[in-house]
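One chain, subunit A, appears in both complexes that follow, with subunit B as partner in the first and subunit C in the second.
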Partner chain A sequence: MSWLRNPWGRPRWLALITGVYVLWAIVPVLLAIAFAFNAGRSRTTWQGFSFRWFTGETGSVLHDPALRDALEHTLLLAVICVAIAVPLGVALALGLQRWRGRGSGSVNSLMLLPLVTPEIVMGVALLLLFLRIFPSIGLGTEAQAIGQVTFSLSYVVVIVRGRLVSIGPEYEEAAADLGAPPRDQLSRVLLPLLAPAIVASAAVAFAISLDDFVVTQYLSSDASTTTVSMLLYSNARGAPTPGLNAIATVGLAFTLATLTAAFLVYRRFAGGQEATSLATLEV
Partner chain B sequence: MGGSRWTWRLLALPGVVWLSLFFLVAFYAVVAVAFGNQDTLSQPVPFWNPLDWNVGYVWATLKNVWHGGPFLTVSLRTIEFVAIAVLLSLVIGYPVAYFTARHAGRWKGVVLLALILPLWINYLMRMLAWINLLAPDGIGTDVLHAVGIEKLFISLGLLDQAGGWLSGQSTTVILALVYGYIPFFILPLFVAIDRIDQRQIEAARDLGASPLSAFLRVTLPLSVPGILAGAVLISLPMFGDYYTADLVSASTRTNMIGNQIDEFMRQGSEKVTGAALTLLLSAFLLILMFYYLRTTRQAGTSAQTT
Partner chain C sequence: MPGEIQLEELTKAFGEHLAVAGISLDMPPGEFFTLLGPSGCGKTTTLRMIAGFERPTSGRIMLDGSDVARVPPHQRNVNTVFQSYALFPHLDVAKNVAFGLKYHKLDKRERAKRVGEALELVNLTEYAQRKADQLSGGQQQRVALARALVLRPQVLLLDEPLGALDAQLRKSLQVELKALQAELGITFVFVTHDQEEALTMSDRIAVMSKGVVEQAASPREIYEEPQTVFVADFLGVSNLLAAEAIGHEGGACAVRIGDRVFHCRQGEIDARGDVKVMIRPERIVIEPHSETGDERLPGIVERSVFLGGSHEVHVRVLGGELLKATVANDGRDVPVSLEPGAAVSLRLPPDALRVLRPSEVAAVQAEQDEETRIVQAPDDPPLTAPPNRVT
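Take a look at the complex of A and B:
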C-alpha cells in the first residue's frame, strides 16, 4: 500500500477515476430500472413505487400485447438459437481442435470472422441472402434464428475450445489406449469433461440472442417478429411509458440470471480460475 | 489413428457448411447485388457470374466519394466520430484498466465484475437510460445544468442550446458511442496490463527509474498491444453503428455511414447502392479485421505454449 505513505501518488486519483467510471457505467441503468417501478407515466419524475408497468391492466409487460409478444418472441428466438448453435458449435470445436493439417487454418479463420464483422454487414448480407437466394425461407422467425446462430456459433466454439485446451489430450488418449473407439472416446470421456463449457456456452448464446439487435432487426418481417431490443429502438424516442423500462428490465433479469447460473455451474465443475478467465474472455 | 482423423473432420462438417452458407454465400450476395442491377421496381437484381458484373453502382458510389459528394461527408464524419470516440475511450479507459490490474488489491474481483457487467446489459437499454436522463426535463439534463457543464459545452460550441442534448448533437453521439463501447475496450486492455510481469517494472525501479519513467518506458510500451486490440475491437462495430446516432440524435446532421446504409437497405428502395456502400465499408474494414484476427491467434498460440 504505497499510496498510504504517499497519499498524492498515482493510485489515489486512479482510484477516483475508476470509481467515477463505474458509477457512470452503472448508475444510468439503475435509474432506468428504478423508473420501471414508477407509479406514474413519467420516466423523468418519480411518482411513487408500483408494479403497474410489469403486471398492471394496461400498458404492462404482462398485459400489453406489443410488449408481451416482443418478450415472447425474444425468448423463443433465444431458445432456438441455443438449440442449434450449441450442438453445431460443440461439434465444430471438437473437430477443429483435433483436426490438424490441410483446411483447418481456413476453417478456423472462417469461424472467427463473424466475431469481427460489423453487425450491419452481416445484417445486409443475410437480408440479401434471404430475399434473393432463399426466398422460400424469406424474412421472419426462421431467418432471424439462422442469423443469430451464425454469429453465436463462434462464441460457442471459442468457449468449448478453451476448455478442450485446458483438459488436454491425455484423457482421450488413455481411453484410446484402453481400446475405446473414437465414438466412445467422445461420448464417455470428452463430452462429460466438456459439460461445464457446454452449459456456459449455452448461457452465452442465450444472452447474446436476447440482446441482439441489428441482425434480428434486418431479418424481421413484420410486427409479429419484433423483439425487445427492436421495441426499445423504435420506441425510445417516441412518447414511451415506463413500460419500456419495465420490459428492458425483464430482459436484463433473464440475461443476468442465465449468466449467473452458468457461471456458478462452471465454477463448481471446472474451477474458479477458469471461470474467471471465461468471464473476462467473453466480450 | 488413421480412421479417427475423419471422425473429427466429420464433426466439423455441419458447422463448416453452416458458416459457408450463411456467412460466405451471404456475403457473396452483397457482392453480386453491388455488381448487379435493379429492376423497374427498384428491386435488386444480383449478377452471380463475375463475368456479367456491372460496375456502374460501385463506380458511382466511389465517384460520389471522390468528388466530395454526400458519401464523402458521411464517411469523413464517421471516421471523425470513431477516432474521437476511440481516443476518449483510451483516455478514460487506460487509468481504469491500469488501476484494476495493478492497484485494486482486494477490490480487484468486485471492480472487475463492475467492468464486465455493462457488457451484458442490452446496448439499447443502456441508450434508453441516457435518453431518459438527457430528455429536456430529464435528471441528467438538470444535473449537467446545475454543475455548469451545460454552460461550458455551449460556450465551447459543443452544444447548440440548453436542454438540447438529444437534438442532432455530434457531441452527444460521440459520448454515447464512448459509453456504449468502452467496456469492450477496457477489458482487453485490463488483460494486457494484468499480464505484464511485475518483475520487469521492479527491475526498472531497481536500476534507478522514477515511477513515472518506469511507467512510460516499461508499462506503457508493454500495454500497446492491448491498446491496439481494444481500439480495433471497438472501432469495428462503431464503423457499422447506426442505432446510436439514430437514438441520441435522430437527425441526419449526425448521420454515420451505418445510417446511410440502413436508410438504403431497410427503409428506402436503393438496395443496390446500399450493397455497394456495404461492400466498400467492408473493404475499408478488412485491414482492421485481419489485424485483429492475427493478433488474437498469436495470443491464442502463446497462451497455449505457456
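Take a look at the complex of A and C:
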C-alpha cells in the first residue's frame, strides 16, 4: 500500500474501502424507500412511480387502519417518552452534577447501565415486572411508555451532563454573585445555557422511541398497541405490500428530521465540537 | 464610609488539605488591597470565601462589622470580577450588565440609565448590543467590570482579572483599574500572582504562602523591608545568604558569613544564631579585586547578562554561594572587568543588609502565637515551612 511507504500520498485504498462500505450500508435503505413509491403490489419488481402506498384508497399509510393506527401509536409513544424522559433526565443530571458526596460515583455508572444492557434482557425484565410486581399497570400503552422512558432517560442524562460539565460552575456563581437566588440561577442562566442539550436529548429520546422494537414489543398488549416496527416485523413474512415500505419511509423521515433539527440547534448554540460528539450517540 | 472587610482567623480545609490556615486581615474602606502569592497559596480560596462561593471551615468574615461567613453569595453586598469573566453567553452586553439590577428595586428607566452609565464608565457604550463572544478579551474584561460595578457594591473582588490578557493590554488596564478604583473610592480586593502588578496597583499587599499571610504591608514596605525569607524571595530578585548572628554593635547586628564578619543595620538585628541575610542585587557594589577591607566579599564572575538598562552579574563568592549584583548601564566606566572568570570584590553595605529569621524559626514562632490565641480550631495540622531557598 502506497501510503505506508509515502506518508504524503493520498490514502486511496482507505477511501475506496470507505466508499464501498457507505454504498453497502445505504443501498438497501434506498431500495426499500424506492419501492415505497412502486405503482404495483410487488416489493421487488419496479412497476412505475406512484404515491398510492402513501395516500391511495386501499392499503396506504393514510387509509389502511392497521398502518395508520400503528403510525399514530408510535408517534404517541414517542411524544409521551420525550415528555417524561427529558424533564426527569435534566433534573437527574443537575442532581448528579451537584451531588459530590459518597455514592455519587456508583450512581453515575448505574445511569449508564441501560446503555450497555442488552435490550432483550431489559425487555424480559420489564415484562416480568409489569406481570408480577405491578399487575395494576399491566401491559399496554402505559407499560410501553414506562419501558421506553427507562432506557431513553440514560441518553438524556448523558447528553445534559456532558453539557453541564463543559459549562462549569462559574456562570451559576456569577449569577449568585450578582444577586440571583438559586431559583433564578437555574431559570435565568443554567436552563438557557442547557437549552441546546435539552433539545438534542429530546430529539434523541424521540428517535429512540420511534425506532424501538424489543421493549415495545414485549410490553404490548393487543392490536391497538402495535407500533410501526412491530407491524413491519409481524408482516415481513406474511403478505407484505409496498405499504410497509411506505410506513417505514415515513418513520425514517421522522427520525432523520428530528435528529437533523437537533443537530442543527445544538451546533448553532454549543459549537461544532460538541455536536459531533452528539452525532456519535445517535443510534 | 462602608466597605470594610475584616478576616478573623479564617480557615478553609478541603478534606485533609488546609487551603487557608487561619488568616486575619483588615481591609479598610476604599483600599486597593492585593492578595499576592504563588498558585496554591490560598489567595483565590480566600477571595471565594469573601464572595460566598466557599464556606469557611472556621473563622469570621466581617463586612462593615457584621459576620457574613454564613450568608449565601446572592445576599452579600460584594461583587466579583472572575478570572474568566463568566459573561453570560446567551445575553448581549447590555443584558449582562443589567442582570443583577433585577434584584434592586428600580423602575425601568432608572435601570436603563444605570446600565448606560456603567457602560460609559468602561467605554463600551457602542458595544451594548454585542454578544460576549463577539468581544476581545480586554472588552470582555470591561463588561465583567461594568456588570459588577453597576450594582454599586461596597467591595469589588477581582480574581486575577488581567491574567488572560497580553502584556501590553495588561499594563494599560492596570493603570485604568487603579484610576477607576480611586475615582469610585470603593474597596478593591485583588488577587494576583504577578508581583509587579501587585506593586504598581496596590495600597497594601498581603503576601500569602501555603495558606498563611507572610506579611501584609504597603508595596514599598513589602519590597524594602520583607519580614520573611519567603517574601524577600518572592518579590523582586534577592540574594539570601546563610549566616550566623553573633552580636550587637551600635545599632547593627554582626553576622558571620563564611569566615568574615559583616554588619547589618536592617531587619531583626536582635536575632542570634542561624539567620538569613538578604541584600538586593542593586545594592551590591562591585569593586576591583584589590579592595579587601570590611564589608567586602571576594568572588569570581561566573556570568554577566546584559539587560539593557543594566548588567546582571553572577558572582561566585568565597564560601561557594552565588550572588547576583546589578550594575547600572549609566555611561560611567565600571572599574572592573565583568567577563566570566574575572576576580572581583563585592561590597555589602550595612544599610543594605537585612537580617531575616529563617522560615522554620518564623513558622514555629507563628504557630506558637497561634496556639495561644486560637481556641476555636485546636486540631489544625502543623504548618510546614516554605522551602528554604538560597539564591
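Operating definition for what follows: the second predicted complex is superposed on the first by the 269 of 283 C-alpha atoms of A that agree within 3 Å, B and C clash if a C-alpha of one lies under 4 Å from a C-alpha of the other, contacts with A are read in each partner's own complex, and residues count from 1 in each chain.
To be clear about the criterion, a contact is a pair of C-beta atoms (placed from the backbone, for glycine too) under 8 Å apart; a residue touches a chain by one contact, two chains touch by 3 or more.
Since the model is a prediction, treat every value here as computed from it, not as a measurement.
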| item | value |
| --- | --- |
| Superposition on subunit A - do subunit B and subunit C clash or fit | fit |
| Subunit B versus subunit C as contact partner of A:31, first or second or both or neither | first |
| Greater residue coverage of subunit A in the superposed arrangement, subunit B or subunit C | B |
| Subunit B versus subunit C as contact partner of A:176, first or second or both or neither | both |
| Touched partner set for A:94, first subunit B, second subunit C, both or neither | first |
| Touched partner set for A:189, first subunit B, second subunit C, both or neither | second |
| Smallest separation in angstrom, by C-alpha atoms, between subunit B and subunit C in the superposition | 6 |
| Subunit C-contacting residues of subunit A that also contact subunit B | 176, 182, 185 |
| List of subunit B residues in touch with subunit A within their complex | 1, 3-5, 7-16, 18-20, 22-27, 29-30, 32-33, 44, 46, 92, 95-96, 98-100, 103-105, 111-112, 114-133, 135, 137-140, 166, 179, 182-184, 187-188, 190-191, 211, 233, 236-237, 239-243, 246-247, 250, 258, 261-262, 265-266, 271, 274-275, 278, 281-282, 285, 288-289, 292-293, 296-297, 304 |
| Of all residues in subunit C, those that touch subunit A in their complex | 51-53, 72-75, 78-80, 82, 84, 86-90, 99-100, 102-104, 147-148, 151 |
| List of subunit A residues in touch with subunit B within their complex | 1, 3, 9-11, 13-15, 17-18, 21-22, 24-26, 28-29, 31-32, 35, 43-45, 88-89, 91-92, 94-99, 107-114, 116-129, 131-133, 146-147, 149-150, 153, 157, 165, 176, 182-183, 185-186, 207, 210-211, 213-214, 217-218, 228-229, 232-233, 236-237, 244-245, 248, 251-252, 255-256, 259, 276, 279-280, 282-283 |
| In the complex with subunit C, residue positions of subunit A that touch it | 170-171, 173-182, 184-185, 188-189, 192-193, 195 |
